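Two complexes come next, and they have one chain in common, subunit A, joined by subunit B in the first and subunit C in the second.
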Partner chain A sequence: MTGRVLITGLGALTCLGAGAPALWHGMLGGGGRPRPVPDPHAHMRTTLMYLFPGDLPAEPAAVAHVPLASGPRYAVAAAREAVADAGLSEPVLRDMPVLLGVEMGNAGLHEARRVAGPDAAATAGPRRWTPLTVTAAAVGAALGSRAPNTSVGNACAASAYALTLAADLIRAGEADVVLAGGAEGVTRVGMGAFNRLGAADPVRCRPFDRQRRGTVFGDGAAMLVLESAGHAARRGARAYAEVAGAAWSCDAHHPTAPDATATQVIRAIRAALAAAGLAPGDLGAVVPHGTGTPLNDVVESRALREVFGDHCAALPLLNLKGMIGHTAGVAGAVGCVAAALMLRSRMVPAAPRRDEPDPDCPVWLPSTPTPLDRPSVLVNSYAFGGNNASVVLTAPGEDR
Partner chain B sequence: MTGPGRPAAVTGIGLAVSGLGTPDDLLQPDGAEEAFDPATGLTGRAMRHKDRASRFALRAAADALRDAGLLTGATFAGPASRTCVVVSTNFGNLDSVCTFADTIAEDSVLGLSPLGLPHTSSNSVAGWLAIEYGLRGPNLTVCNGGTGGLDALFWARAMIAADRADVALVVGVEPDTAPVARLVGHRPRLDGAAAVVLESVPHRRSRGAPPRAVITACTHGAALPDAVRAVRGTDRQPVGLWLTPAGPRPGDAASSWCATTRDLTARLGECSGALGVLQCVAGVSYLDASGPGAVLATSADGPDHTAVAALLLTAPGQAS
Partner chain C sequence: MNDVTVTGIGVLLPGIDKPAHALHPSPPAGPGWFDVTTVLPGRGYRRLPPASQYLLAAAAEALADAGPGFAAAPADRRGVVTALNNAGAELMDQQDRTIIATGADDLSPLTTPYFATSLFGSRLAAEHTVHGFSLTVNSPRTAGLEGVQLGGRALAAGRADVLLIGATEQTLPPGEPGAADSDVGAVVLVGETGAAARARAHGGVRVRTGFLGPWTGDEALDRLWDSTVAAGPVPPVEAVLDDSPAGAWVAGWLRTRGLDPVLVPAPAGCLTPLRRVAGHLAAGRADQLVVTAAAEGCVAFARITPPDHPEQE
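Up next, the complex of A and B:
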């Protein structure tokens, strides 16, 4: 398991618009705002989401005769952007595995069918339930990939897991180029579950704010082309960043709540830094999981203080979910896209305004754009089930 | 992809399938003498507040861990921080998701039970396994259609090869619930789970656990002949047992190098994401009984077999 893995292509579709440039400029502009989901059947207190503002992509409408809702279509749009950005074409695409983190899959189709009833026109097409893998299948088919398509179902940490698996595949010599990412549409069940938990903020997503009252979901997709350094060099590809280290752990504590001691979160961060060959003082910035749920933000802040000590006060955090919401299975991948863009520009966008910083979250969210002094970014991604994933991206080797 | 080169040894197997008793029963043509009954086998304190998929998974995992010598009583005795969990399921939480959708429509979110909420998350089965045994290594869920079970074994082996874990608990589970029957189809289908314990060779040796089988190669591709060719390797290992839903017919070229074929779905019904793990359990059982040759397992996704996974299981040798 040796060799460097580079990120040579990016794709994103978020509430800030279509394309990774829209994400970057939107973050510099302070991020987006949530709005109610246009779903008359969402019988719940708050229906806010950070929604993609554009039209639903017209294609692909189906894969293997299965109609596709928003999640898989967003995935294909972002995947096409990423491979175009990387300058990939046949035959590389044919042999490129696709590894996606997906929590809800084609849920929009099934929820529409349920509402429409068995005789409605909206239920046309095969009635069979389609598992999460339909999203990866749609991407593989759209790009002409004949390599394995894999759907990782690790809830809100899914795409961070997928990205790590992709990097492992390359390091093991199994593939030269892998597409990794995630995609989600609107889900009534997901929003309902967080409403029932009292973990859906009725105002906006306010990570690390004392007034925060839970998370606010967002839809969209994020994709990254991972490539072995040798393959990228042979074709003269320019890299955004290097996947320098990654690590996972599991709390094994509670099905939904994080372990308040942060022991396993700390272990994952330290292992990712070690894999990257970095000391805590070497790190330039963090894209935290930072969901806005009361306990998550306190636990993550505690972990960052434990690992980075006094360096934490000068370690800028990108408040990404405060700008695009919690994109569930996409969160880890879009965090890595944001980190790659930060490494390219050597800048950390300013955080959205906080009404009242939480004293129990002693982390630094810069109020103005801040130079990225050290070219390395830690991306954290956590999920129900106590799943923890930490990824360290650095500037491509020649820039370090 | 043929998988990383470092061999991983199977040290334990487990089964909790409605109508079957022990792993040996998978290869028998008829019913088991002491068949597992979910009505009695999925009860008890540890089963409370868990969905059917999680309960099946916990039962199969307990058998596999015990078989591997990694349980002291009900407590995990292995390296908790270096033990990963890999679960393959496609319909594991479909009943919970459907129930939540119905409840939101009829009673609003106020009617939802917080106790059932974790099961709307696609990785809840893997989470419960980690909590039950305190397993703090990587925790991975794959929802990968018909190839998911063999894919799970591939990723478990890859995590050991990548030094992310010393032990991997792999579970394939599909519950037969009313929403599954309604949304996936009424034909016969699996109701149960299978589990496999994989270990790195140094770790297995350090604790003196006997190797039961070695996953010699895994692959995942677009066509069955290519996948089979890839896992058999250049030395074209003789295959004593081919576990497949689509085995060779009389006259096929494959019938010349494959002694026996067995389709587990003929007896169990559609096994979806659990099939590959069931095949591995059946293969280990075959090798335990000194069956000749290697065991080839193949599974495919979709009616057109748009994706195929293959795995070659061999009896342990000196290197394992």
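Up next, the complex of A and C:
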């Protein structure tokens, strides 16, 4: 597989507002704050989330017979932003595959029905099966795509896997333009599960802080238009970044805990760098998975130290989840959106204040905005079951 | 062309224990149809969610059928692709009802992580020391076939040398639309590429996917036909479809092509289309085309060919 894959459009919807510019300015402003989810049925220790502050998009209300909750609607809003940002229209949209990372998908519909009782309508029309993961279909329908439509379910790493598949699709010559991303809404089950596992921080999301007690979820969506360099050049599109390399690995170790040796995490990082043609010393910044769960942050720090050695001390990390929470299936995609914006501006936003940096996490989270000296960013995305994905973005047109 | 050569087949379906019988109708999945202590003896299986048990059992059968190729591959060259739609639906329903009624502290710690449905594939990866990757796909109805397509692309991209490609489903919670006849069980294929694999293969599978607009569109179907059948003899066609507008459109399109597809009712889930592929491979009835579509618009064509078919070169 050959060929360069560029990112020519971005869309985002997070607790920092609607739109990729809102994400960027919100990150520069220090990020958002979590608040309790207004769900009286969410019986658990903490219901904090980093919530989208705007109204639920009115459309689309349904895909086929399936009423849509917040996740798919956020997805459509961010997808429309991304394709508009890329300057795409018919007939390109018709031939554009849609690959989204979706874990909980339309869970909001099912959770609302459980509260409303057995007589609540399951469908918008005939009484048919209502699948959980209809987000990619909702986006494909909204954009008029007739190309492959794939929903990837790799939990909190789902959209990083989707983005990798999208880049592979372009490199294989099977598509010129692909929409990749992810979207999630509020889910009682997701929050409850993390509470039960002792992995929900009751204060805020505090990655790499000694006092961290788990993660705090966020809702939203993130979308990226991936495009072959040739197609982008023919239409004069301006690129934010290049998807220079991506790699996967699997711990095959434990249902929830990462392998403390970080062996597979390290292997994925090194493979992504190699695919990008970069040496460790070439890298400019990292968007870590950095969830705030005690073991994840230690293991990821260990992996970064192992791969980057002394360069780690001068390698700035973007503490994204400290600003927008853990957006679950969206995390990899929103990490890539943030990385693309960093490459465009050549700057790494400052990290939110840490009360007490964890000495077991010897990584650099800059306290002030920091120049991105080397135009390349590593985005890590991990999930339950040891699903590891690393993606390397570089500035477009870099001669590597 | 990102095709997958299938060297092993395993099924775990109500009333069916041999891949060659996968085309036979299953009896209703009554209580006790699956005895985990018999199928998966040993520690660590009994309390797994049923769909995880089904997947593990079908994979063990597929690997036994395939021979030593999978185990001979280095762990970081092995991959898993898992397709599911409703594998965790019953569990998630129970979890939510527990949270509503008494609180999250009462969730079972053993099964709580399975709200993240990637755990089904990850458990399989742990069972067989798969370090290459574990990919989960959950597109409505097409995920089972799509897993073959994505697996083929991953092989072509060099992300692994040998794959377990499976679909697993558990019945929907009672009262859910489609629960009465929803998919249950698992099918697993061992997928490889290359001439050596073809020499011992059941056959090859090429899957292409597309999307129907709201909920019609000949263009996507024409494209799928061209990329799976193209020139040459037209294979027998089987269509796994429901009564949705999208299903009706695909059935009508096949008829306008002059085809006389065998129509197979599509239950809730993504298992049945892959089950049909497995059944045709196991029965040695390649060449065959299996078509499926979801009410939400996803559509997939799977072309099954003999191992020595020119398309496999």
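We adopt the following convention: the second predicted complex is superposed on the first by the 385 of 400 C-alpha atoms of A that agree within 3 Å, B and C clash if a C-alpha of one lies under 4 Å from a C-alpha of the other, contacts with A are read in each partner's own complex, and residues count from 1 in each chain.
Here is the rule we go by: contacts are C-beta pairs under 8 Å (C-beta built on N, C-alpha and C of every residue); 3 or more make two chains touch, one makes a residue touch a chain.
Since the model is a prediction, treat every value here as computed from it, not as a measurement.
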item	value
Superposed partners subunit B and subunit C on subunit A - clash or fit	clash
Which superposed partner A:A175 touches (first subunit B, second subunit C, both, neither)	first
Which superposed partner A:E111 touches (first subunit B, second subunit C, both, neither)	both
Touched partner set for A:C250, first subunit B, second subunit C, both or neither	both
Contacts of A:G190 with subunit B and subunit C, given as first, second, both or neither	both
Comparing the two partners subunit B and subunit C, which touches a greater set of residues in subunit A	C
Which superposed partner A:V98 touches (first subunit B, second subunit C, both, neither)	second
Partner chain in contact with A:G144 - subunit B first, subunit C second, else both or neither	second
Subunit B/subunit C common contact set on subunit A	1, 41-45, 64, 102-103, 105, 110-111, 114, 127-129, 131-133, 136-137, 146-155, 158, 161, 165, 168-169, 171-172, 188-190, 192-193, 195-197, 247-256, 264, 267, 383-387
Residues of subunit A touching subunit C in the complex	1, 41-45, 63-66, 94, 98, 102-103, 105, 107, 110-111, 114-115, 118, 122-123, 126-134, 136-138, 140-141, 144-158, 161, 165, 168-169, 171-172, 188-193, 195-197, 247-256, 264, 267, 383-387
Of all residues in subunit A, those that touch subunit B in their complex	1, 41-45, 64, 97, 102-103, 105, 110-111, 114, 127-129, 131-133, 136-137, 146-155, 158, 161, 165, 168-169, 171-172, 174-175, 188-190, 192-193, 195-197, 247-256, 264, 267, 383-387
Complex contacts: residues of subunit B adjacent to subunit A	1, 3-4, 80-81, 85, 90-91, 94, 97, 100-101, 104-105, 108-110, 112, 114, 117-118, 120-124, 126-128, 130-131, 133-145, 148, 151, 155, 158-159, 161-164, 180, 183-185, 220-222, 272-273, 301-302, 304, 306-307
Touching residues (chain side subunit C, partner subunit A) in the complex	2, 75-76, 80, 84-86, 89, 92-93, 95-97, 99-100, 102-105, 107, 109, 112-119, 121-123, 125-126, 128-141, 143, 146, 150, 153-154, 156-159, 172, 175-178, 182, 208-215, 217, 219-220, 223, 242, 244-246, 268, 294-298
